[in-house]
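Presented sequentially are two complexes of chain A, the first with chain B as partner and the second with chain C.
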Partner chain A sequence: MKRRTFLGGAMAVAVVGQGSRALAQQPPIKIGMSMPQTGGLAGGGKASLLGIEIWRDDINAKGGLLGRKVELVVYDDKSSASETPAIYAKLVDVDKVDLLFAPYATVPTAPIMPFVKQRGLLLMGNFSFQVNSKVGHDMWFNNAPWGPADSWAASFLDLAQKAGGKNMALLTADQEFAQNLALTARDVAKQRNIPVVFDQSYPPNTVEFASIIRALKAAKPDIVYVASYPPDSAGILRAVNEIGIGDDVKIFGGGMVGLQFAAVMSNLGSLLNGVVNYNTWLPEPSMYFDGTKEFFEKYTKRAIEAKVDPLGYYLAPFGYAMGQMIEAAVGATKSLDQKGIAKYLRENEHKTIVGPIAFSADGERKETATLQAQFRGVKDKDIEQFRSSGKQVILFPDKLKTGNLIVPFEAARK
Partner chain B sequence: MNKHRHSIAFWAGVAIFLVAVLSMTQIVRNEYPFFAGYVILQFIALAVAWSILGGYAGYVNFGTNAFFGVGVYTAVGLFKATGAPLVVQIAAAAVIGMLLGFAVGLLTLRMRGIFFSIATIALAIIIETFVMNWRFVGGAAGIQLQRPPVMAPFDSYVKMLFFVQALLAVTAVAIARYIQNSRIGRGLQALRDDELAAECTGVPTLKLKLVACMISGALISAAGAPAAMYLQYADPSSAFNLSYSVSALAMALIGGTAHWIGPVLGAILLGSTQQLLAVTISSEVNVLVLGIMLVLFVVGAPKGIIGLLRPRYRLRAGGKP
Partner chain C sequence: MFSMDLLLGAVVLGVLLGCFYAAVSVGLSVSFGLLDVPHVAHPAFLVLASYGVYQLNESYDIDPLLAGLAITPLFFLFGLLAYRVYYETFERRGSDAGVRGIAFFFGIAFIIEVLIILQFGVDQRSVSATYIGKSWRFGEFRIPIRQLVAFAVALALTVLLAVYLSKTFMGRAIRAVAQDEEALRLMGANPVRIKQFAFGIATAVLGIAGALLIIVAPVEPTLDRAYIGRTFCVVVMAGLGSISGTLIAAIILGVAESIVLTMFGASWAPAISFAMLLGVLAVRPQGLLGR
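And now, the complex of A and B:
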């Protein structure tokens, strides 16, 4: 018995050994990136990286790309724009990586856009917003579901107008992403003749929103579009809870960053109810594609060890999808030629765990897949509730819709 | 005579350094050393400029990021409005930095110790808020810039920026060295040791502090100006990042502030370590390593590297041990 076990074990080792020798014959395919692992963007960066690492492990388990193992070369950019130029120069000139992924978020990505354009390199974008609009690099592909710049505000205002909204209040953080959102919101409102009755920016790190919410309430808007960052998103909702927002408001939210992260959501609990906010992936029946369920099973297990967002809906599956697109393009072109890969990515639709992805000429999604969802029946202090469907009902896009908007906002809060 | 010999050695060293930098831009083809080298040179300029006020006069300025950001945004504003070349951007940044130094000095230099430091932090926040609301330079959303074509004899813009930053670092060092050995430097040292006593013996303390603040501000802003073209992107939170203040201060303290070579050594040591850690350990640990380094130096070598290397030196230029 013992001997048989030993023989079996030896054979298994031999088989595995042969397999890995076959993989080891050729040097690995190196994919280089920086990722915010310290600083303000670290929470998102780490979750995104875990998604990419799960893809790497999956592809290596299947035998790698072009029969070669995939290896990630990752450096910490400290969430700062000033670190990334040197890091990407090192990745390209010293590490000689085969392919490049962008870091999570706009700020660290912006300085490397001109660099990849000058060098003619393919860059897979990771949740930055309109970073290619002025650079015009034709080998840039963003994994984020944003789509055309104005679609974000347009989808929210569509919902608002259908619900009878006629004028808008705008509350915006004085930070990069929020200001970009507000800019498009003003444009879309102008096109549709929706008067902006309140337009206020507040400095980052504001903690007390009572006076701002009072002023907003006094303007009696129907639509309240909020573009805020995690700490202020919480502050705004607390102030709304204390002061109320008035019965006129049909719809509230739109661009609140932070309400996608498990820690913020469980902290706010029932204060979230009624808020309509953007999201990228939610555990609703319409959001499951080939491999989505398996991905989250792996993610949930590994997130504990990696100490990242336990839910991981916002970024992680898109990190995995980025890998899947490379997998498809390299598989189809049978080479690592970056021009060929870019051509393939531009001309085809790609199946991923976050749904089909097709790109327009600027490297952003052809159609927006940014969700607008309403929080419903959320209880206090419970992370696990967000794993079940129905807590965030998808209102937009129509293809993925799982429910209708409840109006007015005050009614939806109950 | 001895002083004259020192001078010749210094300028010969400067010439050799600049020739080496220039030939490096012509010979080395791999661009990474220039990206990393640029950052190290930038920190040399910042640390040396910081130590003119912070080291010689003992006025701890936490507003390095304010002057740095002003340099960046002067360059951005000028480039966007007129397409001004790099030299003009840097010169304008130096002038604005100097004016800002003058204004800030007038308002805050009557405060001592921690109160002065707090006032300089406030300065950074005020200017950052102003820039955030200035839509012409992109406001809070930031701005992407397209570099103009590179000038001969350089074949890439980064190499040119590397050389320009080397020039700025050398300028900062030369000015710091001149101040240290001049009446200004001696006056600053006197007021650092005891401001009241210095005032009583006829040292024009406020005037000297103002001069130091203006020169320091001009050099920091000038060192910040090329960052706009280096990153080809500017946003207020990166340009006014407090890490510039902390790094400049830490580099000067680790190197030692009594002599101009101190901040240079500190910047080379800390700057290279930062660059190296960023591409080796590359996680939270690199912040920890820097923190431990700082603590070790503060505890083990309160006079910095130069305090360790040349104990005799304290008697010559450092004033009180």
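And now, the complex of A and C:
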């Protein structure tokens, strides 16, 4: 080897070595969040976090964001609204994170909205419902498919009216999320002249629903809209099965939180049949986009070790999609400037594993992609059955529809 | 809209619910009511028992009530141990007064909650049995069979415990230690051992109560928080240490809750329950059947 060639080669190795050392020495991009890992919202919080972690691992395997590794800084907010303001202040002022993700659900998110607005920080929302409607923060982007506030109740009542429903009963948990749903349901019913013949809220920790269901049945409604939280959803359906709900009821469900989670679905088994309820992702043929299948392959493996929801349909892919949107925005703007990222997110449509996402001015989806689906042919004690299509037939939105509503509710239960 | 049928139904369901409340409170009536132990971990022990029942039902397909019976001896031993630790660390040193004793049991409750989360995760768990999910029909009126089962077992449990405490030698010794510990000591008996045994009994009944808890509704690790108010409300309203009072107070609470849920709206139910407690205490500060 000539001396010049050897020197040249040695220098090249040295330069490359220095370059890679410089990349490795760059600090990671820190994304901070709280997540319910204990308390009532923990089941959802853990699944959501696993979705985000899978995105982190995927992006880091591809070389990170802007050539820097992505690191998640996560604290448990115990499902409590009182914990999150202090956690987010710490994330910003002590941990100095670069970007913020919101915790799963409305209750822990609502109290941090004034803080992020005051500080002018970008916040990627994680399945909150209408937390920005009064705050009006222009750097808030919700990953949930809810869309306009009234679309949730409107889609359910559309189905109900088409099935011949003329009056409505409303059963609601005394929780912010459920109350927001009930509020929009009352408004939509009023606009359409649907009389509300039963309207009751029940407090958290209600043990027995038999008495409430008896009172509801006595009102003889033909549309029953239920906005409940996970611990109650199971109790309500059990009571409906035991007490009966009446032959007049055309459609039952709408906003029952809990029926999206594998453990609850498996516990309830055949009691679910006939219920029409909201959902976000289901293993129906219309729901697969680029990367969806691969994501669920990874999720299914990791969910077992992490002891989280083995199906993970409801939240996990949207946690991943939240990361994908940040990946696209940071990649396009080539910076971590939060105003620039927010502008990009607002002005573009984003390809994700849960389909294309575009935001309106309030940071919610331009168009609702919230599914209304009817449980069919569900057997007892079998989680695996929910992995196949046809167990939750999508009735709304039209472009994702995979079947028609079976009425009345009692017939659909058989 | 008033309807006699609805009111009657509410009363029937309320009595069933009340008996269930008695079953989950009766252990506390012994530990808090008779022994003066500020046992705020009582509902956490209860939830732990229902997870034990869940495990046996899930793994070996054992009926939940039999599973509850099977874990009762274990819970008796657990109760003996818990009281011994409490006695050695607090009561013996005289540092159990005020909030310190409560802090000990709060600590235990949190530890139990975390252990359940680590072992079972945060999801709801329920059991399967032939009597869950079905109902008995009387014309138009239907009663969930799981509630009838809970009613019968709860009634039997409460009556058995009341008979045990009033008719057996050990039961009378437990009552004696509650009345005058010093007098018992002067008679040569060891009040600490009697209290420890009584705490064991109070914890053992949670085996069955835990089975009823998971039969009536699914359980999750933090469910104890929902029962802490109700169980203490029942025990205080009953009159501290009165087992038959516990049954009566629990039925009153169950019926009141059920009528309010059916006739006036669910939001009022917790307020009415605690208003009743305050009302009873205002008229009879010693509780319904307290001395």
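In this text, the second predicted complex is superposed on the first by the 390 of 414 C-alpha atoms of A that agree within 3 Å, B and C clash if a C-alpha of one lies under 4 Å from a C-alpha of the other, contacts with A are read in each partner's own complex, and residues count from 1 in each chain.
The definition used in the following text is that a contact is a pair of C-beta atoms (placed from the backbone, for glycine too) under 8 Å apart; a residue touches a chain by one contact, two chains touch by 3 or more.
In this text, all values refer to a predicted model and were calculated from it rather than measured experimentally.
**Q** Which partner chains sit in contact with A:Tyr75 here, chain B, chain C, both or neither? Use first/second/both/neither.
**A** first
**Q** Just chain B (first), just chain C (second), both, or neither: which does A:Val135 touch?
**A** Touch partner of A:Val135: chain B, not chain C.
**Q** Just checking: does A:Val94 make contact with chain B only, chain C only, both, or neither of them? Give me first, second, both or neither.
**A** A:Val94: touches chain B, not chain C.
**Q** Check the residue A:Asp174 against both partner chains and state whether it touches chain B (first), chain C (second), both, or neither.
**A** A:Asp174: touches chain B and chain C.
**Q** In the overlay, answer first, second, both or neither for which of chain B and chain C A:Thr38 touches.
**A** both
**Q** Examine A:Glu297 and indicate which partner it touches, taking first as chain B and second as chain C; both and neither are also allowed.
**A** In the superposed model, A:Glu297 contacts neither chain B nor chain C.
**Q** Could you say whether A:Pro203 touches chain B, chain C, both of them, or neither, answering first, second, both or neither?
**A** A:Pro203 contacts both chain B and chain C.
**Q** Which partner does A:Glu83 reach: the first (chain B), the second (chain C), both, or neither?
**A** So A:Glu83 only meets chain B here.
**Q** In the superposed arrangement, what residues of chain A touch both chain B and chain C?
**A** Of chain A, residues 37-38, 174, 201, 203-204 contact chain B in one complex and chain C in the other.
**Q** Which of the residues in chain A come into contact with chain C in the complex?
**A** Residues in contact with chain C: 37-40, 42-43, 46, 174, 200-208, 210-212, 214-215, 218-219, 230-231, 234-235, 238-239, 241-244, 258, 261-264, 267, 271, 307-309, 380-381.
**Q** For the complex, give me every residue of chain B touching chain A.
**A** 30-32, 34-36, 38-39, 129, 132-133, 139-142, 144, 146-147, 158, 227, 230-233, 235, 237-238, 241, 243, 275, 278-279, 282-284, 286-287
**Q** How about chain C: which of its residues touch chain A in the complex?
**A** For chain C paired with chain A, touching residues are 1, 3, 5-6, 9-10, 13-14, 17, 113-114, 117, 121-126, 128, 133-135, 142, 144-147, 216-218, 220-223, 225-226, 257-258, 261-263, 265-267, 269-270.
**Q** Which chain A residues qualify as touching chain B in the complex?
**A** For this pair, the touching residues of chain A are 37-38, 74-78, 80-83, 85-87, 89-90, 93-94, 106-107, 110-111, 113-114, 131, 134-135, 173-176, 178-180, 183, 201, 203-204.
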